[in-house]
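Below is a structure I'd like to ask you about.
Read from first to last, the chains carry the letters A, B, C and D; within each, the first residue is number 1.
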Amino acid sequence: MTTLILGLVLGGTYALLALGLTIQYGIARIMNLAYGEITLAAAFVLVFLFQAAGISPLAAILLVGPLGYAIGWALYAVMMRPLVARSGGGSRLEVDSILATFGLLFVIQGLLLMVFGSNFTSIAYLDQGISVFGVTVALNRLLAFAVCVIAGGALTLAISRSRWGLVMRAVALTPSSAPLVGIDVNRVARQAFALGSALAAIGGTSVAMYQTFSATDGVVFTMKALVIVIMGGVGNVPGVLVAGFALGLVETFVATMIDPGLTLAATFAIFLGVLLWRPQGIFGRRA
Amino acid sequence: MSRIALAVVTVVLLAAIPGYLSDYSLGLMIGLVTYVTLASAWALFSGHTRYVSLATVAFYGSGAYTVAVLNESLPYPLVLLCAGLIGFLLALIVGLSTLRLAGIYFVIFSFGLAELIRQLITWYEVNVTGTLGRYIFLDVTARGIYWQMLALAVFTIGLSAWIGRHRLGLALKVIGDDEMVAAHSGIDLSRTKLIAFTLSSTIITLAGAIASPRWTYVEPSLVFNPTVSFLTVIMALLGGANRLWGPLMGAVPLFLLFEWLSVSFPDTYPVILGLMFIAVVFLFPQGLLSSAEAFRNRLKGGTA
Amino acid sequence: MTRMTRRKAMTALACATAIGFSFASSAAVAAEPPIKIGYAVAKTGANATGAGITTIPNYQLWVKEVNQAGGLTMPDGKKRMIEVVEYDDRSSNEDLVRAIERLASQDKVDFILPPWGTGPNLAIAPLMDRFGYPQLAVTSVTDKAPEFAARWKRSYWMLGGGHDYAVGLANVLKAAKAAGTINNKIAMVSVADGFGIDLVKGARPAFKDAGFEVAYDKTYPLGTSDFAALMNEAKKSGADSFVAFSYPPDSFGMTKTAQSIGFNPKVFYVGVGGAFPIFPKVSDGKAEGVMSIGGVDASSPAIQDYFKRHTASAGAPPDSWASAITYASLQMLQQAVQRVGLDHAKLANEFSTSSFDTIIGPVKLKDNQLRDLWWVGQWQGNAFKGLDPAGKTGAVPAVIPKPTW
Amino acid sequence: MTMLHVTRARKSFGGLVAVNDVSFDVAGGEILGLLGPNGSGKTTLLNLISGALAPTAGRFVLNGQDMTGQRADIIARQGIARTFQLVRILPSLTLLENVMVPAAFGPARLWGEAVVSVAREALEQVGLSDRLSATAGDLTYLDQKRLELARALAARPRLLLLDEWLAGLNPTELRDGIALIQSLSTTGITIIMVEHIMEAVRALCPRCLVMNSGTLIADGPTQAVLSDRHVIAAYLGEVEHA
């Protein structure tokens, strides 16, 4: 029971981190290696707002989310769009976007180091425990879990039910033929990338509440998110939720029952296994 | 013929310079030759097939770690041999299981591989041998390392040149362009990819083994540093990964540039580096060599 | 290669008044050429955080103070300014080795200050030995220090070994058990890294000898960010003492997790990071009673003054473990130069044989190692005070049980 | 003499049966037309023969050798070469290199002088021999088609599969294309061609197969097949849909 609840809560924080990436990669077709840095930048901004301006982290989420959206929008327009145009829908975009966002990773990390220094950063907010079915869980983790479930649920609904979601799915499936039915692929991709950045930023703000971090931690977030995205199936929002929860459960299970030393190895082993046997993700459909 | 003569003279000159260099310049040359080797070996497989591998450090680190484990129990040449063998076997296993993955999946898999190997070695060391962090006390001088690495670099480029003229080279190019056509032309996809991947990975493992005595102390988190993989990719792509001399043309200027930046702008260099990186992607999409060629053609032909 | 830019110490000065002051003083000693001191530390990459907390601020503080005082005093009484040559090793040993080669053979600096971390210090040791530079390896914890000191005659190892810290902790716990304040069970976790393994290997026999039963003994991988499962298991183990041989982010994560799940062991010990100035904030102001590695003699005026100066210079107080020792090593250098000048052999001899007066008190190395260290410390009041060795000047008695969060 | 023997070939994707128990024989030296409306399974059938897809069921025998379920490269080395519906050249290679590929890796496995001369010959056959070192990606659409054919010919195949190779050509080009294929037939090569252009089918193929919704609905002399009631219905049906 303890394992189950701890695993689910941990999984929720993982899934929240991965939501944005799956949208960026699945719909906008940008493999964003700087994803973790955007998350981290949001975490720093939250801490700054909290400490310097005294803005409550909960209110700050409302500020940081839209900010992430705006930055994602701008990044896409300035940096990604020319690459997309150049690739002409081919597979070159993947390599190009990996390389370009790898550069972006350095830029953001360098800026964070210059502005916030290399020190560990941490705030204490909502970290009192709360009992869930007899298991004590930190409130901020629970909050991340809730945000994840709400954001993930809303996205799932929006994508499967609304017209906007239909357009998103169309672009994700066949970006080349979407224009035939009057969809502005460029606009949709930009929206998706911006939305992904906003989710990354929200993920970052929740990270700031429960974890100590420093300016060089971004890659860790990217990797975790990537593992979950691949497991869940690229662009598949419910898949990401399930994969995140599954990963949280596995890690907690391995840590409790087998050996905490193998948690990360287990993560990567599962990840590689999924890649080998079901590269479309556990929940993806075969192409 | 004159080309070969030129190459021989260059190699002889390169082999002779350590006598005239300061320790730092020699260190710089070692780093330079190491990355030329890595980038060329990487391009041997990835350049033509366009399978972007981020597993470089998985092999490089394995080589270094092998030396760290064996350096006290075996003579040095045997240690190198073992490292090569381990790289070969590892590449074989990885290759057999992964080369059917395409595109982004291969990229990500290769990245995860380095992490998995690192985690497994760590766990093994902690729980089985009970030590983490090994020492390399070998009587290999910086010059010795330089000569070995130079030899490996020459071998790598020579091998690439030979492959380029051999049917294996043509097969790799075809695979890079269109796997479907390759298969329908009679090319055995998995065998071809496996051979190239194994050759490339074994060389990379050896490079790690040769470089490791310079570090004295080896730990999984130190030797499996993903930056090595990324730098290798960037250097090869910058020069033009599908050209024989491309990786070299990318590795030399980038390596010197990194060195210069970190020396001159120790505080801001990540930002500059990142911006340049982005600039490279935008300005030289096909690599420096291709861009230079296109420029030359434009000068010569007037019209394209 | 293009000409490098030297980051002259003068330009590194933080405030305008200091600049004015140094101009005035440097004008007075204009005849003397500056002393070049070089270092390569991690400004980016995995080691940047550790180096940014413990190593770099102390180097900067010391250089600033020395230059404000007109420079290093030479044996003949003349003063020479310090000129700094610094490189970023990008947390890569290959780059670090090259940077040291550069400092030694290209820049021909007079003295090289060590990098941050055990691995980096070991990586440069053979080079420093070959070039003949003394190496004041402060931030490296290794049980093999005696071996290394014998192998590289001019290397000095100043932070002890994992075994020392483990035994120190065992002593503190043993005393508490004898007094009947804690039971004989310990829950122990360690990071799967050279450092964690060294400590845990020392701790297992030490705890056993002290009559403890290690009820929970697990290792977690480097880079773990969630400790809920681990801490829950530790809580269930029934141990009164929780011991973590951890790295800073883990130490912080465990503290937060312990607080949120209401895990209140009588002894709460975390590894690196526990003595960091940020720790009280991490623990939401409830650091009181938390034990960790290191410690300072909080009652010493020299230490108090050092904390003030460090805070003014770096914007934050130093950590209470390796920072003061780093600064003390620089004072040793300063005094050694004053006694014997810049000759490496003479400096090495001086480090090996003489005693020095530093902020951590008089220092005399034994077999090229600093052994007079704090092994265990505890947050008491607003300071992280040394507990063990109990006989050391400034040692305070342990507060056990720790107040609940 | 039977060159290719296809027995109850079947391919299903999930619930969709793209090729439904198709059986036929091809004699050596024959030029066989494969007709049918869009989506009737013609290309899938070619893919099954060339090994691009593995059949769900059925048997494929080439010259007495069972090739059922073999990989594409092994089938290619047995002497089957093909072109693709959407032209697939190797854009970063030169024309000569493009054409060298099947000569080097196909049934003959040539190298050195031999492979170059075979490649030149094949390029000459399609009229591209003056641009050996041009990059294939720079060619016009028609030249790309020619290049693709030259590549298939360089394999010196016993069986050549053409997937709408004549589609998209203007009338002059079409006439050249038909002449080209006709000139091939004199070399004794066996050809199966998927084609929509009736003019070409009438000129080139003495015999035709017609597929509809995955099923073989007609097999016989071209003239007879084209006037078959079912065949006309199938095509008209398609017209209605469009």
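As a working rule, a residue touches a chain if its C-beta (ideal position, glycine included) is under 8 Å from a C-beta of that chain, and two chains touch if they have at least 3 such contacts.
Note that this is a predicted model, so its numbers are computed, not measured.
Listed by label, the chains touching chain C and chain D alike are B.
Where contacts are defined as at the top, ignoring chain B yields the following touching groups: A, C | D.
Counting C-beta pairs in contact across B-D and across A-B gives the higher total for A-B.
Ranked by how close its mean Cα position lies to the mean of all protein Cα atoms, the top chain is B. Taking each chain's centre as the average of its CA atoms, chain B and chain D sit 42 Å apart.
Rounded to whole angstrom units, the spacing between the C-alpha centres of chain A and chain B is 31. With centres taken as mean Cα positions, chain D sits 47 Å from chain A.
Each chain gets one centre point, the mean of its Cα atoms, and the points for chain B and chain C are 36 Å apart.
Under the contact definition stated at the top, the residues of chain A that touch 2 or more other chains are 109-110, 113, 259, 261-262, 264-265.
Residue positions of chain D touching 2 or more other chains: none.
In chain C, the positions touching at least two other chains are 43-46, 192, 219, 221. Taken pair by pair, the chains that touch are A-B, A-C, B-C, B-D.
Listed in rising order, the residues of chain A touching chain B in the complex are 31, 79, 82-83, 86, 91, 94-96, 98-100, 102-111, 113-114, 219, 223, 226-227, 230, 259, 261-262, 264-265, 268-269, 271-272, 275-276, 279. Taken in their complex, chain A has these residues touching chain C: 2-3, 6-7, 9-10, 13, 109-110, 113, 117-120, 122-124, 127-129, 135-141, 210-217, 220, 251-252, 255-256, 259-265.
Residues 43-46, 48-49, 51-53, 189, 192, 218-221, 223-226, 228-230, 232-233, 248-249, 252-253, 256-257, 259-262, 273, 276, 278, 281-285, 316 of chain C touch chain A in their complex.
For chain D in complex with chain B, the touching residues are 50-52, 71-73, 76-77, 81-82, 84, 88-93, 97, 100-102, 104-107, 109, 111, 151, 155. For chain B in complex with chain D, the touching residues are 167, 170-171, 173-174, 176-178, 180-189, 242.
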